[in-house]
Every structure is written in structure tokens, then in C-alpha cells.
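Both of the next two complexes hold chain A, though its partner changes from chain B to chain C.
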Partner chain A sequence: MNAEREAAIASSADVVAVRRLVRSAAIEVGLSLIDQTKIITAASELARNALVYAGRGEVRVHVVENGSRRGLKLVVSDEGPGISDVERALTDGWTTGTGLGLGLGGSRRLVDEFDLLSEPGKGTSVTVTKWAR
Partner chain B sequence: MSSHADVERRLGELLRTHEEQVISRWTQSADAPRDELTELYRAILRAIEEGGRDLADLRGLLAELSRSRARAGYSPAETSKAVFGLKGALYEIVVAHADDEVLRGFIRFARLIDDLGLFTFEAYAEAREKIIMDQAEQLLELSTPVVKLWEGIVAVPLIGTLDSARTQVVMEKLLETLVETGAEHAVIDITGVPAVDTQVAQHLLKTVFAARLMGAECVISGIRPQIAHTIVTLGIEFGDIVTKSSLADALAHAFRRSGVQVSGGPATRVTVRAEQA
Partner chain C sequence: MERVPILKLGDLLIVSIQVDLDDQTVLALKEDLAEVVVARGARGVIIDISAVEIVDSFTGRMLATIAEMCRMLDAHAVVVGMRPAVAITLVELGLSLGGVRTALNLEKGVALLDHVRGAVP
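Showing the complex of A and B:
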């Protein structure tokens, strides 16, 4: 199975829609309740980052397989200003906005695989994966 | 070449003479009450006879029709089809009396109906939007009750997603209730909040600090295992804010803090006495 679902992020209502989308996919893949909540929260953080810093973005949800394990892969991308200092952005408590500064670093800890690609002026793409245990 | 006025006069005549027949046909195709369509028909007739300049009455009628249909759950297509149906109904009459003036009149009439159909669609969409907005507002009000648990103890059971707008309402309501009731303890229960991300946490923290500024102590309850896990992993610190897993624990905590003692087992009567301060 290689189902792929997409959602656009253009308003905070869309962030809620992303959470719902990820929730249904996470249940399908068979993630535990705790892992469901973790990936949903990570999706919420990343989607809100795209909304706040880039104004809009999109989320792609893939169901992935690795041997007998299934997992959920999310790609959250935007065409915003990009992140000039990725290390710093991942530091807890650091933010250029008004939030707590925990979203990006926290998301990295909430998932099993985390890949951040950002080019200043071009945009940011974050790929995260959570495997079912 | 006949003038516009002639064309309109001829069309008006045709509509007037065959009123019964056209309305009957229209009623069949439009699936709408006959008297409603008759009223609309007369308004269209008046508008045509007056040269199609003053459409205010007609628009008012159509807007009313759209609103009532939006509320009754008709689809927008069904609603505007009711208006477009008049073209079909008139077509038969036009074919039977086809002459140059009538045909030109029919084209102008068709254009008018198209405009009116589009207007109906717009009015329908507006009415629907208004319904949705009303519902959203009602939901916002409904979903944020502040309940009194005990003398001096209030609780806010939060259900669903916390966005900025809702948090604002929650915060305001809670602070107002604190003033009204003079309560010194507030419990914010998040059992019904599906996920706590950094934004929700920030909103919660702000609410707690605002309540503190007013002299009330806040307890956050309903922290389920998966939420606790997520909060820890995200690295959110609740500092010295008291959190409990259930509303019952939070109430017990508030009782202890306010000096209320609960005694008695399940089978016996529960007696409560407040210690004199």
C-alpha cells in the first residue's frame, strides 16, 4: 500500500484539518495511541510553522513500509523565507516569532526520523516518519 | 425595426395573457409552492413592464426565497433551478406565438432570468455563510461553559481544538466568572482536547497566569498518558502549575487548598465541612 494524501495549509482551520488527516492515517497504519498523539502533534507544529512563517504550505501524508513494519511519513513543505540557521532553529526556546520556541525541536523528538531541508529565500521542507512498534 | 419598448410591451402582454399556463408549467418543473412562484412571476412581469430598470422588489423576493431554501436544506442548484425553470415554462408559449418581436423579447427575458438565477445563487451562498457563521458562534459559546463545582471553585471543561479565538473566549469567561463568583480556585479540564501542541500549551499557560494575576489558583486536569508523553517530549514546562490526571483529583486538590474536608466511604453519607478560616 502506498496511499498518499495531501492537504493545503492556508489558515488555522487547515491546521486542524491536517491533524484530522494525520489522525486517520495514523489509526490506519496501526500506531499506538501515544504514537498517534505524537505524530499528530508534530504535524500540528510543522503545519503551523509553515502557516506562520511562510503564510501557506502543504502536507503530504504517505504510508510507508520497511520489511514488516509500517509507518507514517509526512512531508510538510512551504515556499517561505526559509531558515537561515537550522541548528539554532532546532534549539529549544529559540524563536523569531511569538511562540514558545519548542515546535521544531520538539517535533524532532516526537518522531523517529526527521529531515529538514531549507534554503533561504526558497522555502523549507520537513520530512518526518513514525514507525509502528 | 421595433423599439425596446415595443418588445417589452409585447413580452409583457404575452406573460400576462398566458399567466395561468406558464405558472402551471413552472410549478411542475421548479418543485416550489405555486403561490410563491405566482408572487415571483408578478414581480418579474412588473419589472419587465417597467423596462427592467427597477429590480429591487424582485431581488428582495428572490433573496427571501434563497434564504428559506438554504435553511430548508435545498442545494444551491435546486434553488437556482427554480428560477431558471421559468425559461422553459415560457418557451412553449414563445414557440406558439413566434414572431420577430416575441423572439427578441424572449432573448432579453432569458438574459434577465440568467441574471436573476445568478443573483439567487449568490443570495443562497450568503444565506448559507450566515448560517455557518451563526453556528460557529453558537458553538464557540456552547463549547466553553464555566461551571461552579463548589463554593469558591469553578471549572472549565474544554472540548475540541483550542485555537486563538476559542482560547480568548475561554480566558475571558473564566476571568469574568472569577470576578462574579469570587472563586479562588479554578480547574481547567482538558480531557476533551485531542492534542496539546506548543500553541495550545502557550494558550493554557497564559490563561493560568492571567487567573493568577486575579488572585485565583488554577489547576489543569484531564492530562491523559499520551498527552503527558507528548508534552514531555515537546519540552513544554508547566513550571509550578498544578496538573492532575482527572477532574476528581483536581477537585480534591482544590478542596484541600480551600480547607474543605470530605469524609465518609462509598456506603455512608458524605459530609462536608468547611474549616473556619
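Showing the complex of A and C:
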């Protein structure tokens, strides 16, 4: 039951593939349509961040359980430049790229648990979890 | 990369997005639309996203950009058919598409454009 799936992120087509992978896992876990949409959107934001800032990355999808609750945990990681100021990176509208700066902060609002680990020069790993209600 | 077809109906252009959008496809749609709006002298553009399951910040920003671009090219754009889950997610993401006209479906989108164009002689 603790199926783990993973996918590489190296192109914008891969970002679409990540969305599909997360969608099928979200349906399997029993997330509502709205929660499916939220976690898929968060996955899309995080996968694009890995692609834009690190050039490539990967996503691992885990089905997790907590008592009778099931959830979906995603780990999106890259070996890019890392984030020197995590607090700032989570602020809406702040970006070092060309986007809107909503990716990280927005993703955090779309999930139940959000954990960001980053080491400048080594990379970034974002873990998000959405629980079925 | 897939290309989204742009259909012409009178002085309207209708774009019905039926594929899972990758960033390149969205960018190509923006450029194609700018050209077709000018080439056909279109006055209205309807973008149907009823089949779109996910609008993330990139796609959302492109919808806003397309709407602005159309305005500068003397056309009105309306996004129709947004799914409830997509609307909820976009607002939570922090993107409420303030500058984008929306209608619930294609029929209402056409009616909105008729009204908008009727009001401007």
C-alpha cells in the first residue's frame, strides 16, 4: 500500500507528466475533487520551480497513512542553487525569476503540511502532504 | 508540443482548450492568438477552459496576459467554463484574475461579448 512512484523533471512536458502522476495517486488515495485539484496544482508549481531554478529535478509520490486517514505526500527535489532566504522565498510576490512569485507561498496554502529544506549551492527539497478528509 | 486550435465564428474567435497545457503550448497560444486577432480583425475572443482540470500560476498569468493583449488589439476576451475546483484553487494560490472577464459557459460568454460590444458604439 505504501506505493512510491517517481518521475524526473527536465522539460515542461515533464511538468505535465508530474500532474498526471499526482492526479492518479490522488484519486487512488481518495482525495476529493477539490483536494485533488489543489495538490496537483501545488505539484505543478513545485515541479516548475525545480525546472526553472535548477534546470531539472525529480518528484517522489508516496501514499501515507495516519490511523485511518490516508494522504498523499510529494517530495520535489533538485540539486540547483538552493534558496538563501527561505522566509523571503515564501513571501507572495517575491521572486528571483520572471514569474509572479506565487509558486512557493501559494503551494503552501494549497496543502496541509509543507516543509522546505534548502542549502545554498546544494539544492532544494520541498515536501508537501494532503490528507483525505 | 501540442497546438490549441483557434476557430473563427463571425467576428469572434473561439479557443477551446482540450489538452493538459504545458508552458510551451500556452506561450504558443498567446502568440498565435495575437496574430489571428489582428489578421482576422476579431472583436471578441472566447477561451473555453471547461475541460481544463488544472490552472496553475503560470497558466493563470497567461490568461491574464492574453486578456490584456486582446484589449490592446481592440478585442474583448472572455474566459468561460472555469471549473469550481479550479476557481477555489486559483484564489487560494493568490491569483484571482482581476482583469479577466469570465462567464459560466460559452453561451453566456457570447452574450457578454454582444452586450459589451453593444455598449460601445
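The definition used in the following text is that the second predicted complex is superposed on the first by the 133 of 133 C-alpha atoms of A that agree within 3 Å, B and C clash if a C-alpha of one lies under 4 Å from a C-alpha of the other, contacts with A are read in each partner's own complex, and residues count from 1 in each chain.
Heads up, the rule we're going with is that a contact is a pair of C-beta atoms (placed from the backbone, for glycine too) under 8 Å apart; a residue touches a chain by one contact, two chains touch by 3 or more.
Model, not experiment: these values are computed from the prediction.
Novice: Between chain B and chain C, positioned on chain A by superposition, is the outcome a clash or a fit?
Specialist: In the arrangement built by aligning on chain A, the partners chain C and chain B clash.
Novice: Go through the superposed model and pick first if A:Ser12 touches only chain B, second if only chain C, both, or neither.
Specialist: A:Ser12: touches chain B and chain C.
Novice: Touching A:Arg109, do we find chain B (first), chain C (second), both, or neither?
Specialist: Once the two structures are laid over each other on A, A:Arg109 reaches both partners.
Novice: Once the structures are superposed on A, label A:Thr41 by its partner contacts, choosing first (chain B), second (chain C), both or neither.
Specialist: In the superposed model, A:Thr41 contacts both chain B and chain C.
Novice: So which positions on chain A get touched by both chain B and chain C?
Specialist: 12, 16, 19, 23, 33-34, 36-38, 40-41, 44-45, 48, 92, 99-100, 102-103, 105-107, 109-110
Novice: Can you check the complex and tell me which residues of chain C touch chain A?
Specialist: 1, 20-24, 53-58, 61, 83-86, 88-89, 92-95
Novice: Residues of chain A touching chain B in their complex?
Specialist: Going through chain A, the ones touching chain B are 12, 16, 19, 23, 33-34, 36-38, 40-41, 44-45, 48, 92, 99-100, 102-103, 105-107, 109-110.
Novice: Which residues of chain A touch chain C in the complex?
Specialist: Contacts found on chain A: 12-13, 15-16, 19-20, 23, 33-34, 36-38, 40-41, 44-45, 48, 92, 99-100, 102-103, 105-107, 109-110.
Novice: Help me check something: in the complex, which residues belonging to chain B touch chain A?
Specialist: 161, 163-164, 194-199, 201-202, 225-227, 229-230, 233-236
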